[in-house]
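Note that subunit A is present in both complexes that follow, paired respectively with subunit B and with subunit C.
Our next item is the complex of A and B:
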């Protein structure tokens, strides 16, 4: 029974999402509660699944009992289980938050909650899928619901959602082309089979073209610079209640899909005309980390600033997983888990400021530290510490392991990029705090009270960031074991 | 140069694929009208499906259903079912994308009263 936990994790949100319109036909007010209940069940299942994987080791789950060459395989290892748990916890936090900070018209909207649940099922499928075509299908399930969620509140967001759709679908088409190239060359789509057959075929242009198409397609989805242009506009204009969820999941899970492909197919010895492919990917990560940080530094709109911060972190993670050693890889994956929670927390704070103070730019938040709730200030400080990467938060240990991996591989450019992006992150948070704690002209100090749900979400997120830092040894150890076992 | 043409002419399907793909990208990039951009996207997606169908085509092959009582199975007389299944799924995904994008386009038209990208950018400012 326990071996069926991954499919349960997929079916719970899918079933509830599909049956939402029927369940709430007479009582639309129930939507938020049903969604919350579903996500709580998901968190429990994800914890059970993680426990199962840690005790039993990774297993390949055959859908419908059809094993690999004929059927569709899902791989349930500690990386997938950890990320599934992260996604579930982040959804729980953001849905509780969405009960307070919600755009008018969406509070009881059945389509909105249906979309959120179906998106979650798509993300879970994407995490576990070990078959290239299965990845494509779940990528599109998650992306299509994402386009609709960005546009959920109408207005300006519609145009940006349309741009997101154009680029995202183009990326998916490139991915489809890539996988058909690989299928032509190898006759299989299963990642385990591919990693057996591909090494001998690496000189073939079809394989190289296929991998390039797949990488291009997924890098649009994960918003890797220079293919990130859809992200800041879409996230800055999407309804405040969905941005934390989107920002913390979609790009990260697309990166997980790429990491699975990269880890099983591209070894450090793979070269294209004497250039090692992993080093090439690492340099792309270096560019994304530095340029993303620099672009964040020049923004005046808070949501856009945080969106560019997320773009630069995608680069950091890509550096970590492309170093070609286990330390860097585990560091990158650990940073990905942290980044999911940090992005959720950042966009929750930005949304809450917009909701309570109607402030969205750096000028608007001037002096806000004196009038806003201490919960907002405290969680902003915790997230800033984690984003900059100071101990004892999880962000520090992620960056630390990436740097250790880079030193181990003697890639000093990567070390420089990690440190440089840390400084840039420090720079833009300095800008935020300089405005936040600016002494106001008038001396009327009247702090506002934030809703209980918001305090729960912000508290949970800050707690998770610090807890990840304190437990970093254990988590990194699990990741390392999964890597050295040839897992993923 | 002559050799290049010869190789190209031997693979007419792939030439068609390349033309469709580039044509679609061109339309997506150049036309300011949102519906035309969608048509471009649709052509790009169709070219990917055309590619899938082109390489899985097989002369004289039949449906991959093994008749009862057939002695030995000869793989050369059956078409490979997998690429066709992929094609059908990809078409389904494409239709879903088209549905969402047309809904977005009509919402944009109702809200802003135009589908021209330049005019939209003016109104967004």
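Our next item is the complex of A and C:
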């Protein structure tokens, strides 16, 4: 039975999401509780799945009983299991947070909670999919629900959601186009089969164009600079209750999909017209990391600043996984797990400040450190340490492994980019803290109490960031194991 | 807002064609195993017949009662599809492995047939609901908005 855990992880949110309108037809107030229960079950299933994968090794799950070349396969290896657990935990934290910081009109909205659950099932499917077309389907499930969630509160968000929809659909079309190129050239869509047949076809223009289309399509979804323009506006205007969930999952899981494709199809020796492809990808990551950090530095709106921070981290992860060695790869994936939690924590803090203090810009938060709850200040400090990358948080060990990998590959530009983006991150958090601990504007000082659920979410996120740092050796080891087995 | 059609010819023709189209949709759905057809095509034909009923008789009419009712069935098709897969999981096989469909009293061949038919019914229901809801949202949304503006 335990080999069925990946499909269970998909079916739990899917079933609950689809039957939500039926279950809550009489009592719409039950929506948040049903969602919370579903996410708790998901976390348990994800933990069991990780345990199963670590003891039994990676397995291929054949849907419908048809094995890979004929049927559709899901690959359940330690990377997929770890990311699935991360997504489940982040969902739990952000759903609990969404019970406090709710946007008016969405408290008991059945479509809103249905969309969240269906989006979770799409993300789970995307993580496990080992077939290019399956990746496309789940990418669209996650993206379409994402557009609707960004627009859920209406108003100005509708415009940005529409732009997100146009760009996202363009990306999906490009991905589909690239996929059809590969299908015509090889006759298969299964990633394992493709990695057997593609290397000798790499000189073909059709295959190279197909890979470029796939990369362009996915880089719109993962908001890689210069294709990031939909992200900051969409996240700054989306309902506060759902932004942490969107920010920490959508772009990261699109990146995971690309990593799977890249790792199985593009080896370090692959060159197109004498340009080594991996180095090219790494340089794109370098640009994204530095430009994203610089753009974050000049923002005055907190949510936009954090959104650009996330954009710059996508670049860092892309550097790590494109170095062509195991250390860099494991570092990049480990940083991805950390980044999911850090983004969730940052947007939760920004949402909570907006909820309690009605503050959204740097000027608004001036002196807030003296009046706000110590929970907010403490978790902001922990997240800032992790974003900058100081031990003992997970952020440090991710960056450390990426730098080690870059030194191993002798790519000093990558080392420079990681250090440079660290300095830029330090710069914009310095701006936040300079305002945060500024002399209070008001004379009377009254501290506010944050709700118990919010304390749980912020505490869990901070704990997870530090725990990942302390357990970094173990986690990196699991990731390396999966790489050396050729599992992914 | 779509108004009911006045022409006697169109209304009489609708009364004759719509039941036939619905019957044909079910036929295509059922015989998808043996020939061209299946859940998607059957669902589209059924949705087409219901959209025709809305266009000819109007959404409020007694003749398009099915089109109004089916909108509540959004997601039932997905539940049928997922439920068949879940029954296969309970039977000990992989998701959607019909050999393990845990319906008692069936041999393996019939299990495959029942399994594929049920999943196709799920697909057909979902396609039909989606088709009707697209038609309704395209043709009725704007009127509601303008009414809201008038009341404001």
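Going forward, the second predicted complex is superposed on the first by the 485 of 488 C-alpha atoms of A that agree within 3 Å, B and C clash if a C-alpha of one lies under 4 Å from a C-alpha of the other, contacts with A are read in each partner's own complex, and residues count from 1 in each chain.
Keep this in mind: a residue touches a chain if its C-beta (ideal position, glycine included) is under 8 Å from a C-beta of that chain, and two chains touch if they have at least 3 such contacts.
A quick note: this is a predicted structure, and the numbers were derived from the prediction, not measured.
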Fit-or-clash call for subunit B and subunit C when the two complexes are aligned on subunit A: fit
Which superposed partner A:419 touches (first subunit B, second subunit C, both, neither): neither
Contacts of A:140 with subunit B and subunit C, given as first, second, both or neither: first
A:183 touches, of subunit B and subunit C: first, second, both or neither? first
Touched subunit A residues, subunit B compared with subunit C: B
Subunit B versus subunit C as contact partner of A:14, first or second or both or neither: second
Once both complexes are placed on the shared chain, angle at subunit A toward subunit B and subunit C, C-alpha, multiple of 10 degrees: 40
First (subunit B), second (subunit C), both or neither touched by A:470: neither
First (subunit B), second (subunit C), both or neither touched by A:156: first
Touching partner for A:430 - first (subunit B), second (subunit C), both, neither: neither
Closest approach of subunit C to subunit B (Cα atoms, Å): 6
Touch list for subunit A against partner subunit B, complex: 133, 136-137, 140, 144, 147-148, 151, 154-156, 158-159, 161-162, 165-166, 169-170, 172-173, 176-177, 180, 183-184, 189
Residue ranges of subunit A in contact with subunit C within the complex: 4, 7-8, 11, 14-15, 18-19, 21-22, 61-65
Partner subunit A, residues of subunit C touching it in the complex: 74-75, 78-79, 82, 85-86, 89, 93-100
Touching residues (chain side subunit B, partner subunit A) in the complex: 25, 28, 34, 37-38, 41, 44-45, 48, 51-52, 55, 82-83, 86, 89-90, 93, 96-97, 100-101, 104-105, 107-108, 111-112, 120, 124
